[in-house]
Amino acid sequence: MPSLGDFLAVGAGLFVLGLFGALMKRTAVAVLMGIELMLNAANLNLVAFAAFSGRISGQIFALFVIALAAAEVAVGLAILLSLFRSRATVRMDDIDLLKG
Amino acid sequence: MGQPYLRLAAAALILAAFVLGTAAFLVWFERKLLGRMQVRPGPNRVGPGGLLQPVADILKLTVKEDILPEHADRPLFRLAPLMAFVPAFAAFVVLPFGPGLVSADLNIGLLWILAVSTVSVLALIAAGWASNSKYALLGGMRAAAQMISYEVPLVLSLIGVVLAAGSLRLGRIVAAQAHLWFAVPQVLGFIVYLIAATAESNRSPFDLPEGESELVAGFHTEYSGVRFAFFFLAEYSYVFLAAAIATLAFLGGWSGPFLPPVVWFLVKTYAVIFFIIWLRATLPRIRIDQLLSFGWKVLLPLSLVNIFLVGLFRFI
Amino acid sequence: MPEAFGILTLATLGGALGVVLATDVVHSAYFLVLAFLGVAGYYFLLGGEFVGAVQILIYAGAVAVLFLFAVMLTRRRADPVWGRSPARWLGVGGAAALLAWLLLTHLERHPWPTKLPPPAPHNTALIGKALFRPFVVPFEVVSVLLLAALVGALLLARKEGGAS
Amino acid sequence: MVLAVWLLPLASFLILLAAGRRLGHRSGVVSSVLTGLTLPGVVALLAAAPAGTTRLAAWPWLGILGHGLSLGWLVDPLSVMMAGVVALVSTLVQVYSLAYMKGDRDFPVFFAEISLFTFAMQGLVFAPDLLQLFIFWELVGLCSYLLIGFWHTRPAAARAATKAFVVTRTGDLGLLAGILLLWSATGTLNIPRLLALAGSGALGGWVLTGSALLVFAGAVGKSAQFPLHTWLPDAMEGPTPISALIHAATMVAAGVYLVARMYPLFAASPTALEVVASIGALTALLAAGMGLVENELKRVVAYSTMSQLGYMMLGLGTGAYTAGLFQLFNHAFFKSLLFLAAGSVIHAADTHDLRRMGGLARRLPLSAPAFLAGALALGGIPPFSGFFSKDPIIAATAHQPALYAAALAGALLTSLYIFRAYFLVFAGTPRGEHPGGEGSSAMRGPLWILTVLSLGSGLAYHFFHRYLGRHPAAPYPVWSGSTWITLAVSGTGILLAWLLFANRPVERPRLAAPAHRLLAERFYLDQLYAGTIVRPILALSRAASWLDRRAVDGLVNGLARMVMSFGRGLRRVEVGRAQSYALAAFWGLALFILLLEGVR
């Protein structure tokens, strides 16, 4: 029987991988994927805690996060598309308008 | 410890056999029906009334050469047919053929079917993408756009049923129709569901992703042999699934007098299938922009009206 | 149960690893679907069927498709992690390793419960009630946010000078 | 009610500020109507605040060391009277300006500034707290500055505005010092409480006298009393309606109002009262003398304003409290009348110079009698209003020979200079091209109303006295022994003016040449100030400027250069890539967690 810690460990691994992807990938789409992995890791923790504590609110939170993640992806990808249209690139290293 | 897995494996095996058999039968059923509707005999050489025609087809496909197009994305190309079939199979898991006749009676059965069947879009995109061919890619993209668009009215039309039954469990939904089929009070939802489900399974008149005259054969243009068979299988599984859900959600499921429940279930399901094939034989294919605007501007509002009406009646 | 957990872990972490290491962004997207499905499996394992089904519906069904569309529309496929500079590898790899070490050592220190309380029989109904009683306000806020995101995404993705 | 009277002008200001450009010419109407709407409010206040009552409302606003500074209002006969004057004159002047300022490029700005001024003035009038009074006092000063310099492209106007600002600020410094002194001595700035303290004798000695004199310094600056009077004549560079409103009827009277408001403070200190009376008398005399030789019509009226303000101070200083305030009340009307009539004249004659006017009576059938009415009121000829206030003031000085002599001499000069101006403008033959005639109805209406008020406001004498009277003491009789003397003196002035200036083609210096020069150069006070104050200050400023540029700026610039080079260094880190930022942020977080670990 896996313990709560095991679920959390999977969550941790998922988060670390997501972080690695978000920081390492060059394509903006791939970076967004990394972010989604991190969100999923957080969600997994939420649901795991909810299940082991016998309370429902963790699941509710996970639902909210899923909804927000969907919105985030939609808007993020829309931004990306308009960026691609105006600058013809989705390479993270080329998107440097924040440069000081 | 091994007990539950053994049972699971047995159930899976039985289901797989059933799905395969149903799909094969459906191929014959459709061809025969189309033939009759177009005043021609249809398959009639292999077996009695051509009943063994699908078997011959499958044999032919398995021995056919498996062609991998050049510059194809090999892993995805190989994976796509499986991806198309597995969700359909997963959806069958929660399908009750009669009281208690179900592999896994999830209490969110309906939602499970909806969720799992959306995954098949990924297979179409994968097939279109991996083939490295513009017809296939266009077909895949069209399929994705169409399925995403019609997913919305489909789900919304079923929400009315869920509201009325007060449960997502398919068994409960059937039980709630003991007195009156939901197709009667929710006739609007039923119509929307039928149209959206037909579009979901990419069937005529919504078969744009594989419109022969425009895109050769759409996303599976480059497929042949066993891989092609899998797509074929998946498509007919979805037709059966769509009809089964219509039966369960709107037509009272397995309930009926005299005959055993399973028979009633199959009779109703095949009646719906007959209707879907009838549509194919009757209606011409519509244009992609008509398709999308029809989905968003007609079906979506209608399904919302349906939900509103159901809520209103429940409230009263 | 332990077997299922193992398979799911393999799928989830394998999928995540695939997302990171795949050179083709389309492959990354499909690995991502694998990871999503794995996480959904955990939810089922934990007795949260509703969240699990929603996870499949939204993530595997919608988000993944969005990703695929974005990849195909931006026409850039190759994205190998191997081509990054050593400094980047050191920075990111070190960060990831440090984070993993921190999290895992902390997890190990704590005695976690192993027994799952019996799942509520009407889990989905409970979620529904919770959503519409104590969580109505966040629920409505989220719905407004979704609407805003919908309109925003439409505006952003529309072609410049938007025909019609 | 108070809020309506107080805030309607503010609303007008805000509206014009936001939409002035769009409203264009309608902005003046908006402002006039909103200001006019405050008049019923004042009438209601008059009914709500019968004689001898005081209503106080204050909300704590800023706490300092436990003493709350508050914002609110004080409604008593004095403030209601002053508010009435402000509201009435402001409304009339705005209506007049609709025509006078027509076609000006910054028309909406003009009305916005007038509205702001009216708001500030009412805030000053109703202030229950010295700090609030000071705030609005300064706001009024700012409006005055803005409006004097309204035609800021004219260098003379810009210079005059600056001069007015600086000179009055000198007095305000005294006021501020006085306020601080009172604060440190009593710990309160609430006016009724302060006055009660002063009246009960709790406040005494040098603090009392000192604070009274410091407050008076503020009044001297605002009311253009000697020796801080030099700014007022120059302020005539502003538009004529502004001269009428701010530099005749309201703002300059604020000094007198301040003294009246703080009267118990002065009354408790004989020294302070003496100073007020002496300054008032001196100003009345000197200004009248300067007015005699001035050749610019508006400046003549401006000198007369200074002079009349001197009379008010004199009245307050000699204990003729109600008479002094009644003079303020009447003066507001007849002086606005004189200014507006002068505005009509200037409008018609297209010149400010008396020597180039003449024979305008026929051209200006309304302005001429209006000016005459104002002049008679100013000269104190019954039944015009000036008589009812000025005569009691002069009578009150009767027991102090020096003041009495000055007051009488001032009265003589007053009639002399104002009728000199009248005869030079309206009598005789034209001495120049006079293109225009009477203005539009918007200009004529206020003239009419003010003429009637100048004729009639004196009749309110008894009511005014009962309403504002502080002491139960008997009122000064309207007709006393000295009245005959005063009337004789004033009449002499008019006669002299007629003999000297009527029907003369060009004015010749009639007075002894040195005296004339002395008066024309305004007693050399401007030069004196230039030599003794302005030049040393300029030298000091230059030194300070050098120090500032070399030492202070050097330090600051050095710092800035340091920061800039630091920033340039940082810039290299800012590559603009989100991933790099995220990585840096993550490392920061990780190190922070590690640090916490170590601590534990």
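First chain written, first letter: the chains are A, B, C and D, and each begins at residue 1.
The criterion applied here is as follows: contacts are C-beta pairs under 8 Å (C-beta built on N, C-alpha and C of every residue); 3 or more make two chains touch, one makes a residue touch a chain.
Computed from a predicted structure; not experimentally measured.
Novice: Looking at A-C and B-C, which one has the bigger number of contacting C-beta pairs?
Specialist: Pair with more contacting C-beta pairs, A-C versus B-C: A-C.
Novice: Please indicate which chain is farthest from chain B, where distance is taken between mean Cα coordinates of the chains.
Specialist: D
Novice: What's the distance between the Cα centroids of chain A and chain C, rounded to whole Å?
Specialist: Chain centroid spacing, chain A to chain C, equals 6 Å.
Novice: When the C-alpha atoms of chain B and chain D are each averaged to a single point, how far apart are the two points in Å?
Specialist: The answer is 90 Å.
Novice: Could you grab the centroid distance between chain B and chain C? Build each centroid from C-alpha atoms only and quote it in angstrom.
Specialist: Distance between chain centres, rounded to whole Å: 27 Å.
Novice: Averaging only over C-alpha atoms, locate the centres of chain A and chain B and give their separation in whole Å.
Specialist: About 32 Å, centre to centre.
Novice: Two or more other chains touching the same residue: where does that happen in chain C?
Specialist: 50, 54, 62, 69, 91-92, 95, 99, 123
Novice: If I count partner chains per residue in chain A, which residues reach a count of at least 2?
Specialist: Within chain A, residues 19, 23 contact more than one other chain.
Novice: Going by the contact rule already set, what residues in chain B reach two or more other chains?
Specialist: none
Novice: With touch defined as at the top, which chains are paired up in contact here?
Specialist: Touching chain pairs, listed by label, come out as A-C, A-D, B-C, C-D.
Novice: So in the complex, which bits of chain D are touching chain C?
Specialist: Touch list, chain D to chain C: 583, 586-587, 590, 593-594, 597.
Novice: Residues of chain A touching chain D in their complex?
Specialist: Spelled out, the residues of chain A in touch with chain D are 19, 22-23, 31, 92-93, 95-100.
Novice: Over in the complex, which chain A residues touch chain C? Could you list them?
Specialist: Answer in residue numbers: 1-10, 12-21, 23-27, 29-30, 32-34, 36-37, 40, 43-44, 47-48, 50-54, 56-57, 59-60, 62-64, 66-75, 77-82, 84-85, 90-91.
Novice: Which of the residues in chain C end up touching chain D in this complex?
Specialist: 91-92, 95, 98-99, 102
Novice: Show which residues of chain C lie in contact with chain A when the two form their complex.
Specialist: Residues 1-2, 5, 9, 12-13, 16-17, 19-20, 25, 28-29, 32, 35-36, 39, 42-43, 46-48, 50-51, 54-55, 58-59, 62-63, 66-67, 69-71, 73-74, 76, 79, 81, 83-84, 88-89, 91-93, 95-96, 99-100, 103-104, 107-108, 110, 112-117, 119-120, 123, 126-127, 130-131, 135, 138-139, 142, 145-146, 149-150, 152-157, 159-160.
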